[in-house]
Amino acid sequence: MILRPQRHWFVRLFAWHGSVLPDILFRLSLNLMMSLIALASLNWYETLGIKLTLAPFSLLGVSIAVFLGFRNSVCFARFSEARHFLGALLIACRTLQRQVMAVCPADAPRVQRLLLAFCASLKHQLRRTDAREDLTRLLGDEAEGLLQRHSPANVLQLQLSHWLAEQRRQGNISDVVWGNIDNNLNQLAAVLGGCERLASMPVPFAYGLLLHRTVYFFCTLLPFALAPDLHAMTPLVSMFIAYTFLSLDTLAEELEMPFGYENNHLPMDAICTNIEINLREMAGESDLPLPMQPDKYYRLT
Amino acid sequence: MILRPQRHWFVRLFAWHGSVLPDILFRLSLNLMMSLIALASLNWYETLGIKLTLAPFSLLGVSIAVFLGFRNSVCFARFSEARHFLGALLIACRTLQRQVMAVCPADAPRVQRLLLAFCASLKHQLRRTDAREDLTRLLGDEAEGLLQRHSPANVLQLQLSHWLAEQRRQGNISDVVWGNIDNNLNQLAAVLGGCERLASMPVPFAYGLLLHRTVYFFCTLLPFALAPDLHAMTPLVSMFIAYTFLSLDTLAEELEMPFGYENNHLPMDAICTNIEINLREMAGESDLPLPMQPDKYYRLT
Amino acid sequence: MILRPQRHWFVRLFAWHGSVLPDILFRLSLNLMMSLIALASLNWYETLGIKLTLAPFSLLGVSIAVFLGFRNSVCFARFSEARHFLGALLIACRTLQRQVMAVCPADAPRVQRLLLAFCASLKHQLRRTDAREDLTRLLGDEAEGLLQRHSPANVLQLQLSHWLAEQRRQGNISDVVWGNIDNNLNQLAAVLGGCERLASMPVPFAYGLLLHRTVYFFCTLLPFALAPDLHAMTPLVSMFIAYTFLSLDTLAEELEMPFGYENNHLPMDAICTNIEINLREMAGESDLPLPMQPDKYYRLT
Amino acid sequence: MILRPQRHWFVRLFAWHGSVLPDILFRLSLNLMMSLIALASLNWYETLGIKLTLAPFSLLGVSIAVFLGFRNSVCFARFSEARHFLGALLIACRTLQRQVMAVCPADAPRVQRLLLAFCASLKHQLRRTDAREDLTRLLGDEAEGLLQRHSPANVLQLQLSHWLAEQRRQGNISDVVWGNIDNNLNQLAAVLGGCERLASMPVPFAYGLLLHRTVYFFCTLLPFALAPDLHAMTPLVSMFIAYTFLSLDTLAEELEMPFGYENNHLPMDAICTNIEINLREMAGESDLPLPMQPDKYYRLT
Amino acid sequence: MILRPQRHWFVRLFAWHGSVLPDILFRLSLNLMMSLIALASLNWYETLGIKLTLAPFSLLGVSIAVFLGFRNSVCFARFSEARHFLGALLIACRTLQRQVMAVCPADAPRVQRLLLAFCASLKHQLRRTDAREDLTRLLGDEAEGLLQRHSPANVLQLQLSHWLAEQRRQGNISDVVWGNIDNNLNQLAAVLGGCERLASMPVPFAYGLLLHRTVYFFCTLLPFALAPDLHAMTPLVSMFIAYTFLSLDTLAEELEMPFGYENNHLPMDAICTNIEINLREMAGESDLPLPMQPDKYYRLT
């Protein structure tokens, strides 16, 4: 199990790493600038008959909040589904190793290596990084051939299937046992297919676009609507509202594609290490890898 | 896996293709016209004792936002369910090919062709396009007979079932193996039935109707309520609010039936090509088709 | 697959059939009357010290919108679940026919008739209409006995089960095949039980009651709160708000019990015809029934 | 199927039974009293400099509406899940009886009695009522022993399992058939475990507490905020808002634990009778019990 | 089944234990202090031209309510999923014991001990407490070896699997029965993996952070916006609003990680005791442990 230290609520208030502040700083400072412009030109543009009151912005702000809430639900659901798949991967690996140890103990070490290579391939495919190092460590010379395939994870799953079919053909396992283990191979296929679906299909582009535009335009005009009432307090209140809306917009976007290295992405390295620890312990090995620890900013990759 | 390039947030702000702007331009210009009429006639109709204040529009606007949020959830759920079915199709095709390669390697090429033809038929059935080209490429002369059937995809699934029953009858596979592979044929049936359900059953018509009417009427009256307060700023604020509401309404409608060629529809060509790449790679073929790439407007069909 | 023509957005704005307008016309005219009363008596009741301002109605209106949104979600979920069950019925019928054609081709015609009779019985049970015509067409003399049973659909499923058990007893199919087909009979049972659950268990009565009361009382008082501000525009704005709230309330109620003949109910006739077309095509028949077409108001029954 | 008459919408407006009005009458009258106090003391406390305006109450009211909406979703989901379990119980009972009639027709009557006793035990366990009468009617002398067990429903399921194991041991059914029926016993176990989970684990206490407190405090202070604007209309508007919020709060609480005898609880007696009618009809019995009918207040227990 | 007494609604209003009041008391008193500062300095800072009006806070407050509602849904879903897993654990344990009693009655006592040890290990792993006492009570000397493993629960599941494989190897059970029981071992694996997922993967840190910051900053500034209107009533209204927002924020955080000893966490001790009572009763034992009772503050651990 991956351990996570908890921070005190007071410390959290001022957290920088792990928050989305760095990502929106530039846009917040744009908002500050607009506030100062609004304050400076207040008297001038009021004489021109240009008036902005807060009432339509209030209507719009609440509407945007409802739509942002919808988008956050959708993007969080993707993040959550991705995490489910990786949890299902751990369960399927444990189950396959357990079943192979029960019916073909002799081949368990090889199956274990294939399973760990499957996990590593999946990780690198989703992150679009190079799987060479991990595959070479686990499979030795076989790695080279795999790396040239379109989808190494799928090929590895096929190898597990070939091994299983071979056992059946040699009469080591009955059709019933074959069917039972094959069903768990299907679990691997479901994890692979599901993760590929998430990685290749973002939320419809127009949602993000629509909310980006609306949020930015809203935050840009807001200071002009606040200035007539709030005067000197305009920058404070305007930046506070902008911070809330921009943060949620940015966070939703970050969670939409949860397989990368951003702060709020899934810690796939830690998850793969955890699977390796589990499978090796089940095989009775004693020199297990150490669980990955968060860095000093409480981040895991 | 289908690759998608990401655009910078600033570039997105001004995206035209992929957004719903082209679809609502006419209605936005209507709204602009109403704003100008409201401004021009402001003094005249106020003398008639006709007054519109923003307060009831604020109440109505928030209500519409809640209902639009509901409709968006419902339509997005359909889009998302459709994407799940296509993901499940990839998984089922891989699994069937894997199982057939394990138990009847000799027939794997024929099964592969039937599976690819199933995918192509499903795509053309959902898009109501002509499947002739794809089916002829995959099945040769058999295609002609299929094209005259009511549901070619269902017939293809039946052929897979016949082939499987034949194997069982000849004693090539046991009842257990038959049952196991047949369960995965059921997955194909579930994908087919699920997609047909989505394509034949829209969200109840009255929802769309109700929101269309409410949104249009709201956007039409809004300028008259804004004009007394905002004067010259009326067109800007009115069009901004109208843009937000009309866009979400339009986008929800686009996602309701996700099997077409619109910007935010599912890239079924790319998905079918991806399935073909996967199945052929599993069969050890080396001249795989290239994955489809988005066009310069980041669109996939 | 059931085909549905699409209407242009402009045409939709003025649709009458398929909308809920006919159902709420009476209540809308009540609202109009209250508006006129409010306008006429405005001066009189203001001198009595009776004042209604919009602010509390705004608070209440947004709250009602949230609760109406909740009720709509719940009722739409029932509609959607019902549609899922009917989709699952198509899938289960196809799968059962497919499996029976694979293992007992001789009995396929009889099983097909029983499946179609099951669909027809389910439809008539849910709609509380007379199944005599459909059952006689499909089963001939057997229909009479069925019609006197409490749940003909359940009895038909039992007959399928008896037929299957008989095959097993005679050694035509092994226990494994029996189990496999029996699992798909369970799918029929799940559809039957699920539809019965929806039809016999509405949303808790108090939800509908509470929203009815709140919406009606709100719409009745609203004109008195609008009149002091809007004067002559009161009827227009008041009826618009009332239209939005009453429509959603009415639509939710219509979707709560989706098995009838209302505009937004499920087109069960079309769905049953579609199942019949599919099963007959699978059996190689050529004189298939025609798919049902929507009438000129775009309605299917 | 359980039948439910429908009431006309106008009749519903004045329904008393089945609504939550009786439960909140006391609190509504408290609210009326506060309104009168607020009106009477309006001049006095305004001279003291104590002012309450509607704006912060509007903010708070909308927030409470959002949170009440959340709590209602959660509690309704429990109600709905409970109804699903009871629907699954009907399906599982039908399926088990169907399978037993197919493979061991001789023992079907005994299995039927055990299934009906399971349903009755479950009902009485969830309602914490005495199962003696029902169990004695169904099982005769065996009932006494059961009533002294911690969980009679679980023991009955174990007896079904023992019977099934005995059939397998005597060679009446093969391992495959045993596995198939045993899977449906697992459905019973899932229903039992799921209902116990719902009954033993309420929504976290703090949610209800928080909303109770907030709603009551809000309703108590509201008249003081309404009085300065609405004068004589304060009691009417205040009680209307209080009615909406208190009703939803009360209804959510009622649905949280849906296994009792309240108006909006599940009609478990009718559901159990319905299962009995179904199982007996399947066995070919003709003197079936009558379906339970709602009383004159449209209530079923 | 775990019993829970119900408290009267009036008593609840003043409940202290079980509420989140103790956790937010410090922050509420900070809010009170800010209210007093706002009141005291009202005249002074208004002369400086610093003005805060309620309108932007109203917009912000409603937005925060929407986002808090979202976060509460997410955190409650975790709590609810965790409760589902523990319910599934009870069902899986009952089913495994039932199946083992049916096919290998002789080994049932040992399997029961392993199952109970699995539950205890899971509980201690999730709570990060010492499992020594529980494991020693259940397994005697075997406990020592288990306690040194990385994941004792996983090892125990492996021992169950070894036992089952041994039965199969000795020919006591057929492959079909092995597959059937093994599927239920997979249920244990799913519970273990699911709980580990919940415990190791919180909601993305940035959500909590964002809402903490927004809620605290909002509550801090609120008194300054309320003071100009409400004067002496500022502390009361401000603390009421702060109470609502801070409570929901705190409660969401508490439910995010539901495996601890907080008031609203899952009563894992009671759940494990309940499983033990059930399994022992199934085995026919008569000296069952007593169900755990809530303490006088209605808390279960």
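Each chain carries a letter (A, B, C, D and E) given by its place in the written order, and its residues are counted from 1.
Here, a residue touches a chain if its C-beta (ideal position, glycine included) is under 8 Å from a C-beta of that chain, and two chains touch if they have at least 3 such contacts.
Keep in mind the model is a prediction, meaning the values are calculated, not measured.
The minimum number of touch steps separating chain A from chain D is 2.
Between the Cα centres of chain C and chain E there is a gap of 38 Å. Put simply, the C-alpha centre of chain D and that of chain E have 23 angstrom between them. Multi-chain contact residues of chain B (touching two or more other chains): 55, 58, 62, 64, 66, 69, 73, 174, 176, 179. Remark: ring traversal beginning at chain C, heading first to chain D, gives the chain order C, D, E, A, B.
The touching residues of chain A, counted against chain B in their complex, run 48-53, 55-56, 58-60, 62-64, 66-67, 69-70, 73-74, 125, 149-151, 154-155, 157-158, 161-162, 164-165, 168, 174-176, 178-179, 182-183, 185-186, 189-190, 192-194, 196-197, 199-202, 204-210, 212-214, 216-218, 221.
Looking at the complex, you find that chain E touches chain D at residues 1-4, 9, 12-13, 15, 18-20, 54-55, 57-58, 61-62, 64-66, 68-69, 72-73, 76, 79, 83-84, 86-88, 90-91, 94-95, 98-99, 101-103, 174, 176-177, 179-180, 184, 226, 229-233, 237, 240-241, 243-245, 247-248, 251, 254-255, 263-264, 266, 274, 277-278, 281-282, 288, 298.
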